[in-house]
Structures are given as structure tokens and as C-alpha cells.
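In the two complexes that follow, chain A is the common piece, with chain B as its partner first and chain C second.
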Partner chain A sequence: MKKVVVPCSGIGKAFGAVSRETTHLLTQGMHSTDYRTVCLPLLMTDDTEARQVIEESEVYVVDGCPMKCASVVVKHAGGKPVMEIIVPKVLAVNKDHRPATVLDIGEGGRLLCEDIVRIIIERGGKDE
Partner chain B sequence: MSFTPKVGIVSCSGEDCFGGGVSRMATLEVLHRLRPTDTVTICLPLFLAGSGGEREFAKSFPTITVDGCAKMCAAKGTAKYSSEPAVRINVSDYMDDPCSKVDGVAKAGEVSVVVRRVASDIASHVDRLRSQWR
Partner chain C sequence: MSTAVRKYILPCAGYDRPGGNTSRRAAEKLASHHGDVTIGSMGALFTQRPGEMRELRSSRVICIDGCGTKCASVLADARGVKDALIISIPEVSSAVKGDQDKAQSVVDAVEAVFVREAAGEKQTQAPEEEAGPELLEETFDKFTLRVKGDLRYSDNDFWVSVENGNVRVGVSDFLQQMMSDVYYVRLAEVGTHIQMFDEAGAMESTKTLLEIIVPVSGTIVERNSKLEDSPELINEDPYGRGWLYVVNPDDITELELLKNASEYMTHALSKAKKEIGKKVKD
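Up next is the complex of A and B:
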């Protein structure tokens, strides 16, 4: 089954940028053969092709805040996420990995992205 | 004393298209550097996921949508869940094939030029919308 990671890409806070850069690590780095992504706004507009990808894939959602926008939109589009990660909850485990700003998440933010990548790869499909 | 509303800017920030990154960078440039006191933003998916209050956004603020490709998801989503945007910007009008993968340092200069052009046009629209309000 295809693996799709969907970030909220929230533009108001650094955590949204972390969700986005985490997705880049999975889809453009060494794991790019296993993971792809779909534009979240495309799911909002009920795009048929994007909905089909979501319905037929193992979906990992990365949200920047407890509003869980990406999860809500994925479910609206018919997807059933196998894992729903909320970035601040991951930060709570290692508070040193705090992102700087939405413009530049900084070294702490990059370490937080790597934490989330590890969670997805090592615990894939088991939301805890 | 007259009231002039801030202008809302809504970026698609689409993850699967390079133009989505351009839309996001240009929007952030306006919000943080070019017109920080005249603009506000909202996360596009909040229109669907948020409570009813978020859907008032484009009714309360004249809104500019910034899309990374011709699918115009931010414009469509804003119109569907909030209200018709005042201006619809499409990165496809500034670069060829914005959804192709861009690799290498060679493209970095081109991208920053496009981001600056899009941001500059957004800022001009912000000024126009605010001046028309008076």
C-alpha cells in the first residue's frame, strides 16, 4: 500500500512549518521511494484524483496545532489516517527541540522534524 | 477617525507542487516584511476544520488568495467556505510549469526572483484595497 504523508502546512506558527519540513524529509530525502504527499487544499476542493490517492493509501497526518486541520480535511476526503501526529505533543517529549519561527524553524525545529520522521518510520501505523 | 481594515492573505501552501512553496514564501514575505501592519492571514484548512468563526474571515477582511498552480485551490476554498476573494493571484502567471520538481542551486536564484515579484504584486494589491476602502 502506498504511504502518503499530509502536513497541515499552517502558515501562522512555526509548528506548521515543522509539519511541512517533516514532509520534505520523508518525500524528498532518503525515504522518498516509500512516501509521497498530496496537496491538502486539493482535498478541500474535492479533487477526484487526490481523494482517490487518499482513499487507497496509508495516510500519516502531521498537524501543527490541536485544531488538527489536516486530519479533519483528510477524513472529509474519505481518508482514514493510520497515524495522527500533533507537533507540540512531540515537542513535549524533548523540549530542547523547540522551533524558532515560521520563517526559519532553526536547529531545534530541524531536530523536531527528525523526531517526527523517526516516529512515523519506527512506529508506522501504531498511533500512541 | 476612519477605519481601514487589514487585508487578508490566504496562501495555498500546497505541498505536492513547487508553486505551493512559492505561494507560501511570497505570502510570508508580505506578512512579515513588506506589509506587516496592514495584513493578516489564516491557515486555509481552518475554513473547513475550524469553528464557524473562521469562515467569517473573507467576509471581515478584503482577501487576496495566492495559489501555486492553475487549480486555484486557495481561491476556490476561500470562496466555498468563507467568501469570494477580492484578488486571486496564481503563481502560474509568473513561472512556467510551477508544479515541476525544481532541483539544484541553479534554480534558487530564479525562485527568489519569482517570490519577490509575487510578493511585490501582493503588496501593491494590499495598498490598492486599503486605499479604495477610505
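Up next is the complex of A and C:
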């Protein structure tokens, strides 16, 4: 089954930037053969092709805050995420990995992205 | 102090699309150049988060669409915005090479409209914010200060209200803006006795760790345990669902030492000015 990672749309927020950077690591880095992403706005506008991708994939959502907008959108589009990660909850476990700013998440933010990548890869499908 | 209408930029959130990245870069540049610009979130708008809807309704809306599907402007329209300025990246920057230059071309297009509208060539007033009549509001640079009229406030930006002889305590809208996104709240136990301006728990946000300073002496009889799972309520609804404690006061007359809404607005504006000044010096 294809694996799709969907980041939050929180542009202008450091946690949104972490969400996108995490998606970048999974879809463009060494795991790019396993993971792809899908355009979040297309899911909001009920795009047929985007919905099909979501319905036929294992979906991992990375939300920038506990309001979980990205998860809501994925479910609206018919997806059933196997994992819904909330960035600040991962940060609460290791508070040293704090993102700096939205324009540059800094070393802490990069480590936080790696934490999330590790959670998805190691615990994929088991939302704890 | 500015009375100008704030600007709400809604960029396309298509992370995997070139237009999405250009749109995001342009929005971030505009927000860094203009203190009165807020970057909107399509996700938050889709789910109609109260804070997001409030910003949308009280601002001039600019949609930056990354592709021909025009998701940003479609969503703004679906949320009732019929007079948004729509910038289409394929139309504005198709002839421009390079990501940075494409983003700059979008910034230039939006800023040109800002200049035109500021000159009165086309001044479209956004609808008034749907604030209750008791909510005072002032705008200063990037801050829009909202002070609830029927509360009293401490100098360190906590509010109190009297309810059946008890005192409810929370964070002012100004403080939640200063903190940015709160992701962790630690509250003191019910039954804890505190003196006026004692610390009782803490809040951690993307910007800071802040102790909760309770502005009244007494015993905590209730705490908002929802904040432990949903700390974002402090940002979403500081005067409502984001409350912190209910305290049984030792001496209710202590509240007379706190500021009324009008006095607090002056105080918060002064703090906002200092904050802007500090950033300029940095």
C-alpha cells in the first residue's frame, strides 16, 4: 500500500514549518521511495484525483497544533489516517528540540522533524 | 496608533506544488515587511476556527492562488468573502525565473495594490469584526489589542471576573498574542492556597515559558483541566474557554487594586509599543 504524509497548512507558524519540513524529509530524502504527499487544498475542494490517492493509501498526518486541521481535511476527503501526529505533543516529550522561527526552524526544529520522522517510520500504523 | 484595516493573506497551502511554495514564500515576505499583515491558514479556515474567522472578517482579504484550481480564493468565497483581492501565481509570475524572483513578483503585485488602496484609489472596507459590544479594540502595528470591558486586569496581563463570590482567572488577549502558540500548560492542584501575585503553574509556548501569576489571594476551587489536552484554547478563546482557575478569594476587595478595562488598554498599548521598539533595536 502506498504511504502518504500530509502536513498542516499553518503557514507563518513555526510548528507548521516543522510539519512541512518533516514531510519534505520523508518525501524527498532517503525515504522518498516509500512516502509521497498530496496537496492539502485539493482535498478541501474535493478534487477527485487527490481524494483517490487518500482513499487508497496509508495516510500519516502531521498537524501543527491540537486543532488538527490537516486530519480533519483528510477525513473530510474520505481518508482514514493510520497516524495523527501533533507537533507540539512531540516537542513536549523532548523540550530541547524547540523550533526557532518560521523562517528558520533552527537546529532544534530540525531535530524535532527527525523525531517525527522516527515516530512515523518506527511506529508507523501504531498511533500511541 | 493605526486605524487602518488589517490585511489577511491567504496563501495556497499546496506543499507539493511549485505554486504553493511561491505562495508561501510571498506570504512570509509580506508578513515580515508589513506589521498589519496576518497569514491565514487554509486548514483553520476550512475548519472555521473562531480566531481564524475573526481575523478573516475583520481584515482586507488577499488570496494568493498557486494554480488554476484557485483553492484559496474558492475557500475564501465559501467563507463569505466576496471582495477578496485575488492574485494568481501563474498569471503574475509565469514569465519570471527562479523561486525567489517569482515570490518577489507576487510581493510586488500585492504591495502595488496596498499602495493604491492606501491612496484611496480603491478603498474597500472590510466588514466590522463581530465583537461583542463589551470588547474594546485598538490596533498598534502588528498588535490588535482586545480587552473585555467587564473584567479587571493585573499589570502582568491576567484577567479576573467575579462569579457568585468566586473569582475566575485567565490570560488577556494581549498576553496570548505575545506568547504565540501555547503547547503546554501545567496547572496547580485544586485546594492550593495562593497569595495575591503568587505563581500557580506555568504555560509554555513556541516563544516562552511563563509562570501563571494569580492576581488574587485565595484557594483554588476549580482548574481548567481541558487545557492539559487542549492548551490552544488559551490562544483561541482567552476570555472564554481558555480560562485557568476559579479561586475562592480571601478578600474580594483586593480586586480594587487591579486595572479596569480602559486602564489596562492603556497599559497594554504601552507594552506593545515597547515590544515593537525592542524588535527594532534587535
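Keep this in mind: the second predicted complex is superposed on the first by the 126 of 128 C-alpha atoms of A that agree within 3 Å, B and C clash if a C-alpha of one lies under 4 Å from a C-alpha of the other, contacts with A are read in each partner's own complex, and residues count from 1 in each chain.
One rule holds for everything that comes next: a residue touches a chain if its C-beta (ideal position, glycine included) is under 8 Å from a C-beta of that chain, and two chains touch if they have at least 3 such contacts.
What you see is a predicted model, and the numbers here were worked out from it, not measured in a lab.
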{"item": "Room on chain A for both chain B and chain C (clash or fit)", "value": "clash"}
{"item": "Of chain C and chain B, partner touching more chain A residues", "value": "C"}
{"item": "Partner chain(s) touched by A:15 [first = chain B, second = chain C, both, neither]", "value": "second"}
{"item": "Touched partner set for A:52, first chain B, second chain C, both or neither", "value": "neither"}
{"item": "Partner chain(s) touched by A:103 [first = chain B, second = chain C, both, neither]", "value": "both"}
{"item": "First (chain B), second (chain C), both or neither touched by A:32", "value": "neither"}
{"item": "Chain B versus chain C as contact partner of A:70, first or second or both or neither", "value": "both"}
{"item": "Touching partner for A:91 - first (chain B), second (chain C), both, neither", "value": "second"}
{"item": "First, second, both or neither for A:40, with chain B first and chain C second", "value": "both"}
{"item": "Common interface residues of chain A - those touching chain B in one complex and chain C in the other", "value": "7-12, 16, 20, 23, 37-42, 44-45, 47, 67, 69-70, 72-73, 76, 102-103"}
{"item": "Of chain A, residues touching chain C in the complex", "value": "7-16, 20, 23, 27, 37-42, 44-45, 47, 65-67, 69-70, 72-73, 76, 88-89, 91-92, 95, 98-99, 102-103"}
{"item": "Complex interface listing, chain B residues touching chain A", "value": "11-17, 20, 24, 27-28, 31-32, 41-50, 71, 73-74, 76-77, 80-81"}
{"item": "Residues of chain C touching chain A in the complex", "value": "11-17, 20, 24, 27-28, 31-32, 38-39, 41-44, 46-47, 49, 69, 71-72, 74-75, 181, 183-184, 204, 206, 229-232, 236"}
{"item": "Residue numbers on chain A that touch chain B, as the complex places them", "value": "6-12, 16, 20, 23, 36-42, 44-45, 47, 67-73, 76, 102-103"}
